[in-house]
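Every chain is named by a letter (A, B, C and D) in the order it is written, and numbering of its residues begins at 1.
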């Protein structure tokens, strides 16, 4: 369904695969500082940090799937169907609807720690954007350069998990995903010794045998293990080109190829887009399923003191470099 | 180490991941019809089919890693260390050195069946290109639009296998790889029924659970299973853009991320390049590890009646499309 | 470490593998109705249901590992190290120490539902049997003929789980174990169809291929899956002989062979004993690692109105039937 | 289907699980030295080494499933359906039918090396025992105290494999089974180090985690890996009781529980019997699915100079030791 990761070389990178069977005319949306962030149950933010991210292109509101703000705080919402639970309105709490959640946090916070304070009083309230646009069941990865957390609103309350691996996929809840990594402790990027028995010679017939046991399917638990293994064993240079190249390769390890996840009615979940923010520089990079070239937008090239959302449709057509 | 696949939509596509820890200045090389193909032990081919492919850029000779000819016949050599065995010179046979093998076949044959006849008399003879360029231990995938075969020269003789799945990786021999697929017959692109027991409810907590059991590591046997599952369950449109996009996504399922396959001395095997030939149109597409944009060369835009190899260095620098 | 299961044919069966690297002179202990059950913090039970089970043979107290009472209620304690948490004494609660827990429940309850009521007020209090016999970190499987529950006292409180599969092993907590079964829904006792692809013939080269993916190691999560698969797919007759034979075979699927679980210092965890209670008839069957013959004790052949615990040492020497 | 193993402590042990969905009135049969071994195409053996084993109880002929001779040479036939190929009669060869094969070898050889010489001239000829008793497709494990070999008659000829692990199951051919062990080199009886990443703490939540990845199903390839892991990591004392106890526990690791291998028509393959020969002492031990006690027969307690086969029906009724 989706995979989000953080990655730090010289700069901080954050991004995600957005996996789904259809697209909602996604756009890259830059929300400048003076666009009025209208909230349903709490006071509006008339001025706030600017942010850039990918949003559904079906409303005027910045319905971000993932975004970063000008201070380098990053946040992504990922499918959490059957687990996410949004509450009734509660007096005395900050009643924020999930569709307002990313702008609410990124508009006001510069770090995860600042966000944590806001989360103390928050109530994720069950208010749809509109009749035609009901809430998605989500959980969120929130990261700055130093750390990341996972936010899950469930029937038994709001859970805030420190995320030591900087990876999030989907169901079930994050504590399970993290625990499940324990089962893979023997896996290695190196060729393992023969621990099976010293009574029999075993051949190293291939490179890469240290990873045997790594799951290769597209379920959320398998993607969590695979993305974590890829990220934590990743080796790249620190330049911008090397960093973003490696970032997309890590996301590539959990990409969903069209056809492998049949959701019925001849529909297939696939990786609609992959994104990579340079959170230090404010650049949003992305690729789409049909366009493997990286497209980039620099938020600081826009007028961040404006009051209108700036939208760029995704470049979805394959951009081939014909050299002869 | 490497993965090669065939794929047919409206046209026939053929390509491979080239996985290694270093690169040898690879180039795209077009060998026109009148370039003299010089062979060590058999008669030269003074005129032959033109071909295009990626070759080591370290000699004047077309040392192809993979190539297709103007008739749409495609061939790739993949690492087969410890299994490949090249013979002494044998009188009465066509004594072809492995480094000559791709030009030898693609220079003369238009189909797999034609190539099979040549293979009847061939002896893959142990002659190095030069002292500094010894032979690589290889086996080969050879394909036209209808079928593909695997060619393995081993100590017990030359093996020609029909390849019903159109996928090749590395060790061990192809019959093992094909047999090993039997262990994955229960895997599916669809959500499986609960076959475990009708006495307990089991939750479908994620999409993609039908693939649970698919191996996710980089060993040659795991890549064979994964690439085959991806290819055989692949769903794509038939246009050129959709076909090549899907082709690179299939190869992406077995891509080697740098860092995950540690070969010692701080070296890591990674996917140096991925290629995709349109064998019907004579276009060679590729991507490199650092450049995710597709680069393309059309062999028919070159003078195929020439007598000199035309070489294009790989475009390895990331080509980013900055839209603001 | 340990595996406990329930099984119902005509009668109700309950038992466990006790896996450890040493034994504490275990005995089969019958506690008659008038043996005074002495509790540290609550009132003694001067008369109670009689019970039979295996207990540590190192104290006069019935330190049961597992037991059933004369009404057919059965209970087993299994290792839960790192997860079990016993509390301080709490006023207004029934403060029962874990070492008193099995006699406390089996002494007073005839069904799981009755026990659940007692559990409402219980506080598992951190009181060692003696300085030399500290508490073991445990969780418990409690079962009657109709249902079973799991009881886990953790840092965040007492958890009572309905157990739809009637299996318990060890770490982590039961909700994880149950959730983890979801990953095995495709497994089957039957030969699976070829779901991999209709483009390739795959051979059914062996019977039993429907179970491919079942974990075969001795970790607690793998034993949970394997024992559940074995139990839920088990087929046996309903006679006493057939039932107990099948019961021991199910436990055999998760038996620990000596040497496969190395705990250091040349010690190995192995299945010290396996037990099977016929809870309807009051017969306690067991086998030990060194004695594969089933030994049986019938609680109703003892004077259940007595006031002294009756102990039988385990028959641990191999009993071979020499027929010539 | 079946698993056969060798095991050496102070003495040499050899045995097998016989897995099938029905039984053919198996008997323990002692063939004394002067029973005339009648062969179809070669000269009879009027006198020969005595042997003991389990045979089908449906003919006068010693149709052994597995046996040992008085010199300690042991042999078992295991299902090899779809792979075994028996030949036409061939002049100039020792034309032995597979049903004669075990008596033929055990009647004349004292060691594996002696048997290898006989195998040089053998032709396994396609002659049924009778119309009602056609040949089973088999391959064989042959072992003395020092070594073991596997004998497979296939369409491409007779294969004799040295067996470095002393284990045999069923399909496919032995070279595949042995190669497949390479994929499990990282598995260990010890707790593995955290090789996944030094950037995340992973919990050792259970003992036995070194074996994660070991397959737990009943297919022939999984039983081969599991039995080999169990045997090669096995730790036991050297006494007769400890040795045979451990031997049956190793076989227990690949036992087939009834219900887990559904072969249709409400039939289930299960472990009909497990056997363990002490090849040094001439004692044949066995257990059956319904009788977990070990039954023993000592060949040297029979008159080995006789000329009639001595048969003992299997003790199949559960022998319970009631101690009160």
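The rule is simple: a contact is a pair of C-beta atoms (placed from the backbone, for glycine too) under 8 Å apart; a residue touches a chain by one contact, two chains touch by 3 or more.
Remember, predicted model here, so these are calculated numbers, not experimental data.
Distance from chain A peaks, on a Cα-centroid basis, for D.
Chain B and chain D, compared by their mean Cα positions, are separated by 44 Å. Centre to centre, using the average C-alpha position, chain C and chain D are separated by 33 Å. Centres computed as Cα averages put chain B at a distance of 55 Å from chain C.
For chain D, residues that reach two or more other chains under the stated contact definition are 172, 179, 183, 187-188, 190, 203, 205, 209-210, 212-213, 219, 221, 229, 233.
Chain contacts here are complete: no pair of chains fails to touch.
Residues 1, 82, 170-172, 187-191, 203, 205-222, 225-226, 229-230, 233-236, 241-242, 244-246, 248-250, 252-253, 255-264, 268-269, 285, 287, 289-298, 301-302, 312, 315, 317-324 of chain A touch chain B in their complex.
Within the complex formed with chain B, the chain C residues making contact are 164-165, 179, 181-188, 190, 192-197, 199-205, 209-210, 212-213, 228-229, 232-233. Residues 172, 176, 179, 183, 219, 221 of chain C are the ones that touch chain A when the two sit in their complex.
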